[in-house]
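Both of the next two complexes hold chain A, though its partner changes from chain B to chain C.
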Partner chain A sequence: MSRFAARRLAAGIFLLFVVSFVSFVLLSIPTLDVARQLLGQSASQEAVDAKNAELGLDQPVLARYARWLGDALTGDLGTSWFTSEDVLTAIGHRLPVTLSLMLGVTLVTALLALLLGVWAGVRRGAVDRLVQVLGVVGYALPGFLVTLVIVLVFAVQLRWFPAIGYIPLTTSVPGWLSTVTLPILSLSVAAVAGVSQQVRGSVIDVLRQDYVRTLRARGLPPRRVLFRHVLRNASAPALTVLGMQFVGLLGGAVLVEQIFGLPGIGSMTVTYTTRGDTPIIMGLVMTTVVCVVVINLVVDLLVGWLNPKARAA
Partner chain B sequence: MRIRRFPTAGSAGVVVAALVLAGCTGAGGGTTGQSDPILDIATMTFPQSLDPVTAVGGALPFFQATYDSLLKREADGAYRPMLATEWTWDAGRTKLSLTLRGDVEFDDGTQFDGTAVKANLERFKASSGANAKWLSGLEQVEVVDATHVVLHLGAPDPAYLYYLSDAAGLIANPAAFADAEKLKTAPDGTGPYELDASQTTVGTKWVYRRADGYWGERLPFDGVTMTVFDNETAIVNGLKTGQIDTAVVQDANQQAALEGAPGLTTTPIDFDFQGILLFDRAGVVTAELADVKVRQALNHAIDRKTMLEQIRRGKGVVTSQIFGTDSLGYDEALDSHYAHDPEKAKRLLAEAGHADGFELKMPRMTSIVTEAIASSLKSDLADVGITLTWVDVDQGDALRRVFQNREFSGFVMNLGQQASDWLVVKDLVLPGTFNLFGYTDETVRALVPKIQTSSTEEARDDLRALNRNLVENAWFVPFYRMTYALVTDSGVTAAPQSGMAVPSLYNYRPAV
Partner chain C sequence: MSEALMSDDHPRAGAAAPRRANRARRFLRNPQAVISALVLVLIGGAVLLAPLLSTGDPDAAELSKAFAAAEPGHPLGFDSAGRDVWSRLLHGGRNTLGGALIALAVALSIGVPGGLVAGYYGKWFDALANWVGNFVMALPAMVVLLASRAILGPTMWVLMVVLGVLVAPSFFRLVRGIVANVRGELYVDAARVSGLRDRRIIARHVLVVVRAPIIIQTALVAGIAISLQAGLEFLGIGSGDLPTWGAMLNEAFQNVQRSPMFMAWPGLALGITSAALVLLASALRDVLEDGDAKPPKLRAARRARVVTPATPDDDRPRASLLSVRDLAVSYGAGASAVDVVHGVDLDVAEGEVVGLVGQSGSGKSQTAFSVLGILPEGGRVSRGSILLAGTEVVGLSEKGYRALRGDVVAYVPQEPMTNLDPAFTIGSQLVEPMRLRLRLSRKAAAERALELLRQVEIVDPRRVFHAYPHQISGGMAQRVLIAGAMSCDPRLLIADEPTTALDVTVQAEVLELLRRLQAERGLGVLLVTHNLGVVADLCDRVAVMNAGRIVETGSTEQVLAHPGHPYTRTLIDAVLDDAPARPAWVAPRTDDGTEVPA
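On to the complex of A and B.
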């Protein structure tokens, strides 16, 4: 298991270098005149050239990347070109917001999807059809529409929750819950719909396996068959889908963060990317890649624990 | 101006039982208490840094919290003493004498004096800030003594009092200049508030607390929170739920969403105008534009009223002039100078020898030229025979191609209408950023020197004559002034600031 984890970790570190290089090269394509944006339309060309030199934009891409990488390896990701804030500090302030959403959605999705999927897979019939219809509807509803309806009903009309803003967990647990509940609810609709269908399909597949029939024939209680054997084998594909959902939320959180005015890395990505703030964007890319690597590693380890055959893959 | 508690609705218990038991606290900022005098401002503009050399109009309140300016500009545009108590011009209007307060200190005990003023003005002029050009004509700052300085200008500049009441007049502690990097996130001024760094998240939320022992007028809030949002939907929802005290809402649809919302008051602000900045009046890129009749035809071809109704739900005022209502050059009659008259436009084109029309290429930046604006302009101009070709550009690309490479004859922009007439003249009429090709005419050549050397009031007639000349000779193709909504909740009142899209920090008061 440890060799398996080490292999995955090494692949993750390699991925980190590759993505950082590709991202840096892509960001160096001069589509945005950052210096002129910083100085305004009326700045002279001399001032723009001086600003470009100050930002290091007059250097070759490889030289700039080497410098960035050298600093990054010492833990210095630089400062924002547009707000002068330290990149690590800026991301450190915003990452907990997005992580709150991602962890919340994953937890809600895991619980509800498991319940619905197992219920539908075991019961079949009308229950199965109902869960399938709910799944299709939940998946088909546009995310922005779901979010807008939720905020209008539960925040603006009923005033049960705040419509905007974020309170850190460290400041107030109830406050934190109040600010993340509606965003998590908004993001969970499609996630639950998708994962519950995966769980349902896996449960039905496993229930049809010969060994399940054998276990039943040996007189094992149905509940033990379900929880001890069926779920363990059906969980692996569902876990993989859940992991992918988690990673997808890094991008999917943008809309929800914007509508709820949450200062997370989703809305931050949009704001700083449209400006071409390379230090911040590179910091966000690295954060995202680290998250993806960690999630994949956790999922792989869990799948490997559930299914030892997967460790050999 | 408070922290509101959301109802601990039992009906929400199914969702989060613990939450309901404990009560939900709003996210609007502030602390607990019966009367929490914290002002929560929402905005979509945020400063590049808190170093005053980077201050620009929409972000000025961020700086006013921690910095005082030499002069204070009241809501109606009048100048009042602040760090400078008196100011006088010499007869030639090239020497501005300032008398300074002698009882103001920075936090570290450094005295505010003439030397501090000199250091700040010279630093502002030498900086790469967006408004550094304002002080380009400043030749010398003469420190007479601790409370008297004389600003020596190379040429008269009627907007100087404006500069000193705005970004150029913000005074930082000269001792902080040695570590300018620090000044970007740790302001060091003599202002009414101090930045609460522990509560501030740069780029998202700036929290200010009242400065102990502030020398000046005590502002009515113990603190100010300025939260930045990247969309107005969140701002509108925050206003409706009472999590935000005040904001300026620009989008017409979002303004409509606020209509009838209980407890909210809306005050109109007319600041930005939208229109075509027609740079190429000499016909360098598009030869046809050299003829005034062609430029007039463009103005008559545009159906401003329909555009305003369709694109901004009527929230604005059609206009044919670039001078705003707060300026002396403004002439109400000129708002309707160019009526929508396609037949007259065709006639003018025919008289100019272009009866078959011509092609006009313009850059399209989708953040300003929406699909509705693009198709409306294309259709209006096509009706009179002019083929409008849009060239898609992003923001960075647009700045380079329009202002540096001078590839286009015009550019649809939203521009603020300055209250200072001389700023309008400098920015839009004299050769420079928005007069790329340096075009001028006899009337402009005759009037501008007179305006430059007169006091503001003396120049009123000349400014109006200049404005009329610009309109009649179709220097621009303005569409309309856009009306924004200054929204306040029931606990706050706010007065719009003359010549600014957002109120000054001094303009907010608790509602009585």
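On to the complex of A and C.
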């Protein structure tokens, strides 16, 4: 098990290196004249050259990447070109917002998808068709459209929740809840739709397995067979889908944070990419990929724990 | 496995031509497919004809008309800048759908050839392409698109090419998977041996198989591309001034407090298009992938289950352990119901070994499952009576049945490996029923499980107890299953082809084990098999089954030596013709002097 985990971790770290290199090289293609943007159109060529030298832009890409990597390995991601904020601090301020959102969505999705999927897979019939229709609709509608409808209904019409703004968890728990409920709801729709279909499919699959019949023939109550044996075997593929959904959720968070005015790394991505602030963009890309790697690792470990055969793979 | 894949998942290559017409008819008969396709054609047509259908220039702004209501020539009114909403909706659709089309074209032209080559040739290209595909899929598309915008500038069309690259892995994976499967098929091997060039094989045999899945995937990916494109535009980071549905939504959202209605038009356009694409994809799946086999009507079958057993009016004595009378099993309900067992009579006395013989599909396993109450979904006992140790089990509740399973009747299945839960250790699977059925403590149950493993002649019981099913051999797994069946001291053992899946040497050992346990415990056994050698070896009596009916019963000696029914004779002749019969029954059991050849 520990060798399995170490291998997955090594693959994740390799992925981080590749992403950092590719992003850095691509971002170094000079399409936007950053120095001139910073100094204004009237700045002299000497001033622009001096600024470029200050930012290190006069050096070859590989040398710049080597320096960035060396700094990054010591925990220094540089400072923003435009605001002189420390990248790590800026991201550190905003990451908890996004992570609390993700955590909420993951919990809601795991719970609802399991419930709906098992219900549909065991009962079949009308319940099953209803869950399938919900799944198709939830999957089909663009996420941000669903979000807009949710804002219209619950914030603009019913006024149950604020349409915009964020209250940190440390300031007030009910306040935090009132600001994250709608964002979490918005992000959960597609995730629940996708994962519940997978749960339904694997529950139906596992129920048809020979060992389920054999366990019943040994005199085990159907409920016990369902909750102990069927659920455990069905949850490994469902977890994999949940992990894949997470990648999509990080993208969805960009739109949802923008719509609800949440100060997370999603809205930060929008703000800084339009300006071409390379240190911040690199920091954001790395943060995102670290999140993906960690989630995949957690999913792999859980799947390995649920399915002994996967450990050997 | 490969056979199932071919017939269920992929249309067979050779039958492609006559099926095409058939598919068109199926498409037209599927309302979901027709309606969603029609909606898409309507939207596409309206968007293409935008200059004809709308009067105004989508960008012409008359500030005096901001938020003005509909008027002739402007059916949807004006937006916050006084621009014609109807005209912007149509022209915006052009840009939105056009952008999605670019992304789709890029994704198809990278993903499909890549998948074909990787799946067909494999080797280093496959490994590399697969890694790249996984890599791209691990990146959140929205974040990559935003980062690309920082590099490439705010041109929507270029971003759509990037989006195409980002969704290409979904085609690549699909095609690669199918092609790698097809490549292993015999007809592709045959084509290669007969000297066809790779290019012809791909064009003739491989493309045909991937075509339908690609069409379905295209509809799904189109939906994703549209939604991401609109999302980008909604964030206001596409091509600023171009009218698109996303940009219109953004603008309407800014003014949501003043007039929420403006969100409705682009929202509806986007929602309907995406929904139609996904619904089309799911309908196409039914149409293209031979999905006309309807699932059995489970609810109806459940309702139709018989509750009262029919008492047969003959006075044949019924055996004390198991007595089946006039058993019928059917699948489905109403007019589509199919009977697979028609009126079977069967008796097993205490300590007696009865063989139930027949070819596959003769209904012998269905009979065995009925006795255990574990018919697959959709199946039910539609007639007859089954007495199990004196209890009528036809129409018995699940709870009542459970009291019999394990300690009255137990089951040894055919396929050892698929009958153990892969997620639990052997030990926990043996212990669990004993704790529930015999109310043993965890420790006592574990001790008993180890003792049982010893009894089924497993050399290292402790290791097997802690092993997972995938860590032991098939023969070992069958011994474990026999131990499981014995664990609650049953009086009747139902063994369904217990040796068929095993190697020949292991078969003999497992049969020997069954014989020993039967003799030691005085078990009654119903042995379901197609192997007459096994019957001759173990059984006191034999019942021969064909097409859902018992055609002959009698003592093993009598039936094998003097078969009365022509079907029995065919079975015996088949054994003599090819497979060597087990030598055990050859010499001693022929009493008329003629040597039965082995």
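Operating definition for what follows: the second predicted complex is superposed on the first by the 313 of 313 C-alpha atoms of A that agree within 3 Å, B and C clash if a C-alpha of one lies under 4 Å from a C-alpha of the other, contacts with A are read in each partner's own complex, and residues count from 1 in each chain.
Just so we're on the same page, a residue touches a chain if its C-beta (ideal position, glycine included) is under 8 Å from a C-beta of that chain, and two chains touch if they have at least 3 such contacts.
This is a predicted model, so every value here is computed, not measured.
Chemist: Using the superposition on chain A, decide if chain B and chain C clash or fit.
Modeler: Pair status: clash.
Chemist: Just chain B (first), just chain C (second), both, or neither: which does A:Leu284 touch?
Modeler: second
Chemist: Let me test your reading of the model: by the given contact rule, A:Gly252 touches which partner, first (chain B), second (chain C), both or neither?
Modeler: second
Chemist: For A:Pro222, decide between first (touching chain B), second (touching chain C), both and neither.
Modeler: Second partner only, chain C.
Chemist: Looking at the overlay, what does A:Lys51 touch: chain B (first), chain C (second), both, or neither?
Modeler: Only chain B; A:Lys51 stays clear of chain C.
Chemist: Comparing chain C with chain B, which touches more residues belonging to chain A?
Modeler: Larger number of chain A residues touched: C.
Chemist: Just checking: does A:Leu141 make contact with chain B only, chain C only, both, or neither of them? Give me first, second, both or neither.
Modeler: Second partner only, chain C.
Chemist: After lining up the shared chain so the two structures overlap, which partner does A:Val156 touch, if you call chain B first and chain C second: first, second, both or neither?
Modeler: It touches chain B and chain C both.
Chemist: Tell me the contact category for A:Arg64 with respect to chain B and chain C: first, second, both or neither.
Modeler: Neither: A:Arg64 stays clear of chain B and chain C.
Chemist: Classify the contacts of A:Arg213 with the two partner chains as first (chain B alone), second (chain C alone), both, or neither.
Modeler: The second partner, chain C, only.
Chemist: Could you look at A:His93 and tell me whether it touches chain B, chain C, both or neither (first, second, both, neither)?
Modeler: It touches chain B, and chain C stays clear.
Chemist: Stretches 6-14, 24-32 or 60-68 of chain C: which one clashes with chain B?
Modeler: None of the options clash except 60-68.
Chemist: Where on chain A do the contacts with chain B and the contacts with chain C coincide?
Modeler: On chain A, the residues that contact chain B in one structure and chain C in the other are 31-32, 148, 151, 156, 258-259, 270, 274, 276.
Chemist: Can you check the complex and tell me which residues of chain B touch chain A?
Modeler: Interface residues on the chain B side: 6-7, 9, 11-12, 15-16, 18-19, 22-29, 46-49, 56, 128, 130, 133, 181, 184-185, 201-205, 227, 229-231, 233-235, 237-238, 240-241, 243-244, 394-397, 399-400, 402-404, 432-433.
Chemist: Which residues of chain A touch chain B once you look at their complex with the stated criterion?
Modeler: Residue list for chain A touching chain B: 31-34, 36-43, 45, 47-48, 50-51, 80, 82-85, 90, 93-94, 148, 151, 154-156, 158-167, 172-175, 177-179, 181, 185, 258-261, 263, 267-268, 270-271, 274, 276.
Chemist: Which chain C residues qualify as touching chain A in the complex?
Modeler: For chain C paired with chain A, touching residues are 135, 137-143, 146-154, 223, 226-227, 230-231, 234-235, 237, 249, 253, 256-257, 260, 263, 267, 270-271, 274-275, 277-279, 282, 298-299, 372, 374, 376-377, 398, 402-407, 410-411, 413, 415, 418-424, 429, 432-433, 436-437, 468, 470, 481, 484-485, 487-488.
Chemist: Which chain A residues qualify as touching chain C in the complex?
Modeler: Within the complex, chain A contacts chain C at residues 15, 18-19, 23, 26-27, 29, 31-32, 124-125, 136-137, 139-145, 148-149, 151-152, 156, 207-211, 213-222, 224, 228-229, 232-233, 244, 247-248, 250-252, 254-255, 258-259, 269-270, 273-278, 281, 284-285, 288-289, 292-293, 296, 306-309, 312.
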